[in-house]
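Next up, some structures in structure tokens.
Both complexes below contain chain A, partnered by chain B and then by chain C.
Moving on, here comes the complex of A and B:
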């Protein structure tokens, strides 16, 4: 039985139960999503945007499928979809790429959506934190859905963390849709700190209006297999996006970041910086496309992917892509893959720093550039500490989380 | 302090040092002079344990310890400091973190607790002013964007922080203008503890005018072919190396 078959049969079996737990807006999309998934199944590596992922294998193990709606009190500006404003609710599945079978699988199985809705002109002072804690005795698959709506001139920081509190296998299939109206600002952070048995598929879709700005940072500190997709459509003139990421991977960990920045209108700016530190037999991939459409004049875009392979067995695949259909633009893209700087290592050892510590300092230094771009100072300081702990192998799986204390 | 016996070393299978004998006593300054390619930098690299060099024969003893059996970091902890000819830039590693890691590693080796943060920063300030190193530089990444002179002053600053027993200055004068050379040399003289020793590797007399070596060696083709007092450096400055080669029958 193919992996896709499992999900198809499961859906048919429990469809009624899913529908009854969910709401009208989500149920309205379900059948079409099912048809898309049933027709395509899991994408093979022949599908361009899944070239570096092993989707079928990642979704194959026999997971129990969680169908639980959100419970408990939610932070300010956060709602279950059924309680959200109707003009926010209807955006559900309008920003995501509904032709993608992984997105379709999410739309098929998700029973609830967390809506973050920041009204016009409101500046949310404290960061909104969304902690996903995977916990349970059994191997579990989770379909998580988030919709962020930033009304005109709204401002917020949203921090989404992924952690695992038990040693079961977990598979997360997440879809985040973000609509940014004119003049809104959003800093969106995704921090994964799970364990070797965790697989994460994340698809983030963003639409930006005039003069809006997005700062997206995606950090993979500890994981099993991860595939992050980010699609940003710059639809309004003068909009800006910074999409940064860093990856620390060792053992047999795999991390794939796949991005598309779509410049649709003039005078937009995009900047991407992804850095990977790979050790042992870790495999990393970065494929980032910047598309500058016809008429998107005065586009400024910069894309950089820099990677450090600390061992000979670590592998990095990098594919920066630039497609330009306008003639008055400034665009650059590039990638590097390097090894540890032996001269720097020896310099440090001559000063008495032992080899392990010297390697660690160099790795942390490599990542620092990404952390330093984070506008939120408290988070930046926290991440410096987390990165250091991660590299020292001291990262406790669920530090600071109430459940584990 | 340092005793080198019949030292042979090679890099990539090519023999560079062909039987070096050298004894440096406590408090002495030795100059090692010679043309490019004579093996001067190889000698310093072998003493500090650079992994690219292979010692094929001979021994190095440092205060009674077999130096060749120690890792580079252990040699540093024992009190050997190399002022690099080309100090390495390490983007992303701040001078403060770098120095703290180095100093506390040495303290750990000596069985001491890490130095309290306040004391450490005070020590940084104190030593920094002697080599006229700007506080802006010590708050930056290691050597990143430093000028040639600043890099060399930074080496002397690190020496002052780590208080080694033996300092090797590997062509510290290269790439320095006269003023920068003076600041570096005077800094070295002020910061050096009287009982500590130094090996000064150089092509020229200039640096030696400041450092006043007790002994001068001439290294040609992997061997020390002549040893004398400070006057030997002066003679080389006026006559070059050819007469020494002839004298040695090379």
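Moving on, here comes the complex of A and C:
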């Protein structure tokens, strides 16, 4: 409770200044969120969904808390919450799990929300890229909030990148809410390339209408401690979700992906593919649950988690779960933990590729399966380069972007 | 036609649990409730030595500090631990008369259950320890086994006759601090079987324990301890039934198995406790801790279970693989119907080098039942070259039941290979159509398909049990089609 105490005290102290910088929709949720957080504190490892996270430890360092609203010009279809259409604004905090204390902490401390609102029937040609750049002299905590509203038949690609431009300690607590109306399509990419001192908590909540389809990809290329939560509620018949992810972790990095796909209506499809490459003393965790509710007949669901441990001290926890209350369904899950194929290594060495290079190639090939599922070609090419660099250890800091330099 | 079908279904449903009778036998039941005095009384009735009483009291005191766990995927009725009698002795009459003979009523009961206690009538090749309520009624073929140096008797006798062995191994695999129900059992355990196979001996016959709950308002808290010394082998079977009652009876047992170097133990269970009626009333709460410790190198342990009974089954027969190159297997078929609930699976804890484990679990749910597989595969950092393969399949018969899979894999070693796969599906229309087309009615077709589905596990059971298990699968599922 001691770590929670500093946030409670802080909130009480600056509540007025937060409220004055924010808008009515967000302020309306603040008090209830505070009560939830104050009552629960941070979840311990006894809470099933936080089994593999060390929340208390991650939140206990003394961070300065950033309370700056969004500034500057925003790309098309993106708004500050105060400027967004009123029917989009009211969705704020309606999709997220408000009983969760990490989400509650975000609702308490966020001052602004980025709203991506794609109107009915519009297909956004170019991907919308949201870059989060962590920069500052002091250790900082950021509460980030994004709301994506896809109206009927709308289509868009949204890329969210996390980067750190200075070597201070950063803690990001992000909540993304997504509402997908009937027939809409969204490809949502989250790419994290920060550094060892960065901690990231991300909670993504999605509600899908009839025949909508979501393609979510979450790539953790470099980080300190990361926990990604993805909850998808398939509420409309015939909706589809593909949730993929890959993790490359070494040193003392920790990555925990926790997903819940909730099949509420018939004829929905879900597919998950998560791959981890763990080196040094990295710790990886994957807990994915597929819930098929009573009456959600003709559900098709597939869940795969494959992991490569490269050293003795790397640890992997995996937990692919199925909870099924309908009989006419096809659900499967598979999970493996193993190491590199010695025969393949031998084959390559025989042909003059040195061992280090051979191992690298195998790791890259392992991750490629996830990257190849990305529909956006330019992003795919870029990621191949990034993964290769990452595996060679060249990507320990942000590069190639003008903003950081 | 519809009424015909209904009457047939009803008929089947009514005759379904054929072991639901009670035996009218003079039974000494102690007062309901649990306290230190009750623990002392049980110990005194069994004439136990001081150290065992001490063990029970420690367990009881520790139990008092615990709360009943709630993490299972189960809707558990509240258990009033003070409303249960912890000791019921149906062999009272014999003691009063001072003869060594078994009450003919008891003999008849076991005959009716298909477990004849007279050796000349018994199934050739199976020695049986028959336990009713809290007391072992008879153990057959003891003398024959003794010739080979094998000890097979009830645990109370073992405490009297082989105190050193019992003291060495009791609680060494499942300590009383293990969990809530293990603490409860350690405080009040009554009879169960004790098996000791000496070095290099291959047990010539199947050993078997048959557990029967008879008295009302009691629970059964048996304790089984199997020690298999270097290079020895034993195959052990366990069967169980209970009368039909509208109360929930508690069954909280502990099974401990010690496997030493190059030894092999096969443990098979056909669990057929009373599952409650079609409304979900009554039935046994089966909350059991079973664990095997593969202490020696190259040892082997195999759990095979067919779970068809009990209102609630909550158990995870586990293996701790500490000996290098040791191997463990877990084969399970769990069938739930009506309002039955099961949360069962296994734990494989790899500590030794090159240890191997296999998990094959088949869940079948029908009616309004919930069937969950929960399993842990843990590879410790010392377990170089460990290997695990798990496969859990669920079959759903009916649209109101549930099938769930909660596998946990914790891997702390880079040389380990762990694989898990699971599928959930229903019997396909094609398969049924194919059978119907060939003149096999739907009911029989389902039974055929289910048996085929469970075959992988049933094949691991000893012969006599395999036949019985196959029959049981048919019976448990009848009336659940459509």
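The rule is short, and it goes like this: the second predicted complex is superposed on the first by the 403 of 405 C-alpha atoms of A that agree within 3 Å, B and C clash if a C-alpha of one lies under 4 Å from a C-alpha of the other, contacts with A are read in each partner's own complex, and residues count from 1 in each chain.
Heads up, the rule we're going with is that a contact is a pair of C-beta atoms (placed from the backbone, for glycine too) under 8 Å apart; a residue touches a chain by one contact, two chains touch by 3 or more.
Just so it is clear, the model here is predicted, and its values are computed rather than measured.
Colleague: On the A-aligned overlay, A:354 touches which partner chain: chain B = first, chain C = second, or both, or neither?
Modeller: Once the two structures are laid over each other on A, A:354 reaches chain B alone.
Colleague: Comparing chain C with chain B, which touches more residues belonging to chain A?
Modeller: For chain A, the partner with the higher number of touched residues is C.
Colleague: Using the touch definition from the top, say if A:365 reaches chain B (first), chain C (second), both or neither.
Modeller: A:365: touches chain B, not chain C.
Colleague: Per the contact definition in the header, classify A:13: touching chain B only (first), chain C only (second), both, or neither.
Modeller: A:13 sits against neither chain B nor chain C.
Colleague: What part of chain A is shared between its chain B contacts and its chain C contacts?
Modeller: Of chain A, no residue contacts chain B in one complex and chain C in the other.
Colleague: In the complex, go through chain A and note every residue touching chain C.
Modeller: 48, 294-295, 297, 307, 309-339
Colleague: Residue numbers of chain C touching chain A in their complex, please.
Modeller: Going by the criterion above, the answer is residues 71, 73, 379, 381, 394, 396-426.
Colleague: Under the touch definition given earlier, write down the residues of chain A that touch chain B in their complex.
Modeller: 341, 343-344, 346-355, 357, 361-362, 364-369
Colleague: Give the list of chain B residues in touch with chain A in this complex.
Modeller: Contacts found on chain B: 48, 50-51, 71-73, 76-77, 81-82, 84, 87-93, 97-98, 101-103, 105-106, 109, 141, 158, 162.
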